[in-house]
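What follows is a set of structures for review.
In the two complexes below, subunit A is the common chain; its partner is subunit B in one and subunit C in the other.
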Partner chain A sequence: MSVLAEKTTPAVAVPRRSFSEFALRLRVSGVLAFLFITGLIFSLLTPQFLTVQNASAIASNAAILSIVAAAQAIVLLTRNVDVSVGSMMGLTAYLTADYAARHPNVGAELVLLALVIGLVLGTINGLLVAYGRVSSLIATLATMSLYRGFTYMYAHGQEVTSNKLPRWMLHSVDLRFWGIPMLVVICILVVTLVATFLRHYPIGRRIYAVGSNPLASVFYGLRIQRVVLLAYGLGGLLCGFAGLLYAARVGTVTVILASGWEMSSLAAAVIGGVSVTGGSGTVIGAALGALVLATIDNGLVLLGIPEFWRMFIQGSSIVAAAAVDVFIGVRIRKALQGQRFARRAA
Partner chain B sequence: MSDNLASLPALRVNGISKSYGVSRALVDVSFDILRGRVHALVGENGAGKSTLVKIITGIIQADSGQIFVGSNPVRFQTPIEARTAGIGAVYQDPKLFAHLDVAENIFMGAYPTTIAGTVDRKTMYERAALGLRQLGLDLDPRSLIAGLSVAELQFVEIARALLADLQLLILDEPTSALTPAESERLFKIIRTLRDRDKSVLLITHRLEEVEAIADDITILRDGRHVATRPAKQINRAALVQMMVGRPIETLFARRQSEGLGKEILRVERLGLVGQFTDVSFSLRAGEIVGMAGLVGAGRSEIAQSLFGIRPPSTGRVYLNGRHVVPRGPNQMLRLGLAYLPEDRDGQGLILPESIVDNVTLPIVGRLAHMGILNRASERQVAAGATATYDVKATSIEQPVSSLSGGNRQKVAFAKWLATKPTALILDEPTHGIDIGSKAQVHRIIIDLADSGLGVLLISSDLPELLAVSDRILVIAEGRLVSEFSRGEATQEKVMMAATQDVRGLAE
Partner chain C sequence: MKRRWNWRLSQWEMMLAILTLAAGVWSAQLSPYYLNLDQIADSTRQFIFPGLLALGLMIVVVLGEIDISLASTLAVGSVLFSKFSACHVQVWFAFPIVIVVCGFLGALNGVLVAGLRLPSLAVTLGTMGAYRGLAFIIGSEKGYTDFDDSYLWVGSERVLGDIMPVSFILFVIVSLVVGFIMHFTVFGRRCFAVGHNKDAAWFSGIKVQTLKIQAYALAGALAALAALVWVGQYGSARGDNADGAILFVVTAVVLGGVDINGGKGTVLGVVLALFLLGTIRNGMGLANIAGPTQTVVLGGLLIIGVLLPVLSAVASHIRHFLPRRATPK
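After this line comes the complex of A and B, so read on.
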């Protein structure tokens, strides 16, 4: 542009770093502090916690969830939610495992198959939400049930046992890369890839924009429906991949594989600073959220604390994160529109 | 650009029409915006200014007519297309992404990219910093929008508009949230643009600003083009006259009210942070007090504050001589104040439900016996109300959604009057209803006042307000700026008061 070359002195006094900005940034970086504190508490409580072996176990457990949490985060960023993530994983895992059982010589095209199935399932969600204008919670609750139901129908009560799966598939996840479990390496790669996409590509920024302010998006000429469809498609793709990894990890693929993951992925994402009201958060945060959950899990097991506390922690972290979102959201709304005549009225 | 192109207008609006259902937002509007000129677009509430801007920038599509940029007819499908063609707009309420930083907001939809297709952040921050500096704004392009002041938001929007190579910048009420010093700096930018042969379309309700900066003025009224004149040829009185010269339909003029009753409502220095301040008035039994003002002046906010929807932050309210603190609609209804919201279908009625259920909703508690609803007495109340207000319906069990706008409004009246209030606030009660029903609604309002109710009538329809009210209060930018008695009020006086710049009064 350079329409205005005239040098002028600033007329607007600029207060740097307001509270809303501080809160928003803290919400994203807070997960690191949370992770540190949880780790510290557990290492004080039990000596078994802070060992290389245990850390490696925690990372492996967090790995697949971190991919699903990233998928959930992408959808949350657009102001929607996907509760069918577990069912997408389950269906993809079963279909790919079944395919592998029938084709013993199958190679890396199995990965492609998983990605395609995930993409199709995610796209169905996206079409329902973006173009069918069904509320995202209702639409994905329905597909959660549909996808799981289809898995049952297809399986006829059979499970795919590990001896039917190709050996390379089972072995690849157990490999170590400079001592780091392969699973962890893969997940770091995937999450980094997604993070790069969201942070550095214009279309990734649009995902943030659409969730941050749908009305403004219209004025900016962003195609909201396409962006939402893309978010769901990408989420499905990641869930498909995660489903395959999970099948490879557990070996035996049952029809209930990954049920309940909608809750874990949601908890991981919100603990990781992804706003449930859209527009704010990162997939790296969500992945770290998964690590927090895995750490808590692990610590609770080491301390012999009953399993249900995990659910308690998941539930309360979602409530707490949502409360923080509402609090920040109110301040943001006020900042954007609430004070039309404020400075004169005050 | 060749020389003969330079003589063409920057933008030509030719025969643009737009309807929403039966209501016609724009009718055959044509005018030119010349190159290197500041063009003001003025008109009353609902004159069609915003609709026109949305059509020019491609947010909505015109039903008919054409727009020319230079000599090319254009039909933008999205604001991005308009921007590419050199037309950018800054809207009244900041349309920004709170969670993203300043530079991203400026470049959203048109990022500078690298060869790899990624956002070129370095270039983006540099160009944003440069643009902001040229606007004289000391703002870090990396700060989040969420942390900025209203004025800063406005300037970010302007920076966004200017970073494209614009031929025409549209500013929709840009100064409503700015202090005088900030407005002056904005005008400086506008003048700089003009001196560079760019055009600016300025929508404002502050006529002082029009006089200060506009080269040409276009007046719209009821969706029709009234005139486009060089600013020098038109003074403020003439301008106001053209804005308000709305054809006066046959109205029920209120007969001179003889002897008002006791004071029902008294409001002292009422204020709500960020919305309105220092509003004082009173309302007596049998009196109709009109409240005039532009959209966004704070009239509905005052009403909703009195009704307890958004309780006031300062001031005192006396209802029937008692000091009350509005906390919620339930409490205010009990104390005898009722409010008919402007958004009748969204806030005033439950459309899928029957007339009976709507009318009796606020008083179900009273009609119930030991917690169980008495259907017979409900029907009795509803039947009485539909007869009183002449609701045209086949049955009182008919869903409200099947009624016409006018009849829906009558149901809304019946609903709130079933609570037997002593004071009634009506917010745009005749908005969007046909002329026949309008007259009936006026009749109802006058009858209610004659029966001893105090009525506060908020309306953007000046002839209506003048015909029905005993007194008229004018609200501008959250302040009560003028009061006119029935005898002294004219459309021109009221409009003149409503469009003044009140910022001087505030300090």
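After this line comes the complex of A and C, so read on.
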């Protein structure tokens, strides 16, 4: 960190905007460096780690999580949180799989169905948080149990097995593009699309604005309730899509599908540099965070380390990443203040 | 102004008490087995361990923070008890150690939140996973069931003519103590002050960071107590103990009228909310309503609980537009 502090001193000549961008880039490159280091450690410890086959397995595992992490990141950017992502995925996956099992000739409208269900579930969250003025944690904690409960009630203890699902659904995720799994291609497309939306479209910029300073955005004339609702709706949409992908990937859809993903998605987003206090971070960072988690998972499995160590490491890494974020935030604030003083003195 | 505020508060608690009675009547209608002293005494057990967690969480929430790692702290506590029991250590020796360890885990949350100024949600979400992992690491994946009888006494035995569960008496004592701490001591007043306006509290000389760390430590220690109750009730300890119980705990705290943004709430409200939730759960259980449905009801209650202020605001808004009656002199 001292390196950063030294660099801030001559930053007087540099415009403020580029400095914060630099810090953000530093954060993302920090994730990349962390990914590289963990990869290096695992490849030294076990020879099976650094193979093409394993790399594609890691990428496939990270793919769906990265979409959910992107959804989580959008909500986090508005200073809110969504712990119902796993339940939204589960409910969407079960409903769509059940629909597909009942209508064997269903086509691509299944994707549309998943998106609509996800959008509706996300919008309910958004309405509660934005217009009900319920604390986002409480609201989504409640809907987490509500959506999961509905899944149980709808399923009546049944599950949708893979032989009831349409063939194209199961095959499409196993396809490969020049050796790259289809799942990874889809995830890269989705994440890039969302990143572009957030970076280059006015509505996307508003999401950042509301998160970084809600009061200022009100004064500026943004209707923050709409923006929060949009963020939750978008998050739900992505979760619905991820739920469908997950159903297609695992084949057998049970009622507990994707439970516990709220934790993983938050871990991925926070590790990827999305600030829990809102307004800072990128969707691409969150996707990289998912890749980090998948790499750690994979390495631990290859090393034969028990599964519960993963919980411990995942939890600790959330705390560590949050600590790093706050640390960087303090540095940035100090640097900006320094600039302001320097400018006033000049 | 102050009197009006007090009146509103007692109104809320009255409503909880009335709802509890209504739920009891409803349960009696649903099942002929409900109105039975033995059954009712037994049913209190269902909310003792979440109740102890809720009392701890309430202190933290009054300060304007949140701790969702408490259920995982409980798991660490119960696994530690199992380790001590396996070594044939008497419970009176093991208990203080577990209290200290769990209090330390809580204090660690507090240090991260108050000392490093991290957002409490992110911290406790992280430690929720980390502590649960820790519980598994300490206790391995296998459960432990061969508890020494001395460990089971608090959670399973009954006294006073074989009716009153020990755990219930423990709960009453603990809630009285927490009520005293929160409403009649300097510590409690400071907690409310910090939760109401952190900056003003800091300017008036309250050590906000120390206070927060103490509150988190207290919540952790209460989780250790809850772990002892858990061990007695279920006779088993494993890393996934009380997984998912945090929903019930948060529901109780919010439904009890504790403001999630801090600074408002009473221990009495939390206790009454626990009774209400316990009665509803017991009634639904007797009426053969499946677990998932119960979860849906719980989630719905949580939403209603937090939406109530908004709904009442909307109602008063509507009343504002209605033709006014002449105000009685």
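Structural remarks
Methods note: the second predicted complex is superposed on the first by the 298 of 346 C-alpha atoms of A that agree within 3 Å, B and C clash if a C-alpha of one lies under 4 Å from a C-alpha of the other, contacts with A are read in each partner's own complex, and residues count from 1 in each chain.
Definition applied: contacts are C-beta pairs under 8 Å (C-beta built on N, C-alpha and C of every residue); 3 or more make two chains touch, one makes a residue touch a chain.
The model shown is predicted, which means the values in this text are computed figures rather than measured ones.
After overlaying the two complexes on the shared chain, residue contacts for A:200 are found with subunit B alone; subunit C is out of touch.
Of the two partner chains, subunit B is the only one touched by A:212; subunit C is not.
Legend: residue contacts after superposition of the two complexes on their common chain; A:305 is shown touching neither subunit B nor subunit C.
For subunit A, the partner touching the most residues, choosing from subunit B and subunit C, is B.
By the touch criterion defined above, A:142 reaches subunit C but does not reach subunit B.
Those residues of subunit A whose C-beta lies close enough to touch subunit B in the complex are 1-12, 14-22, 24-25, 200-202, 205-206, 208-209, 211-213, 215-216, 218-222, 275, 279-280, 328, 331-332, 334-346.
Of all the residues in subunit B, the ones that touch subunit A in their complex are 58-59, 78-81, 83, 91, 93-100, 104, 108-109, 111, 113, 117-119, 121, 130-131, 134-140, 143-153, 155, 162-166, 176-177, 179, 181-182, 184-185, 188-189, 192-193, 196, 198, 271, 273-277, 296, 298, 477-478, 503, 506.
Listed in rising order, the residues of subunit A touching subunit C in the complex are 81, 128, 132-135, 137-139, 141-146, 148-150, 152-153, 263, 266-267, 270, 276-277, 306, 308-319, 322-323, 326. Those residues of subunit C whose C-beta lies close enough to touch subunit A in the complex are 66, 68, 112, 116-119, 121-123, 125-134, 136-137, 141, 239, 247, 250-251, 254, 260-261, 290-293, 295-296, 298-300, 302-303, 306-307, 310.
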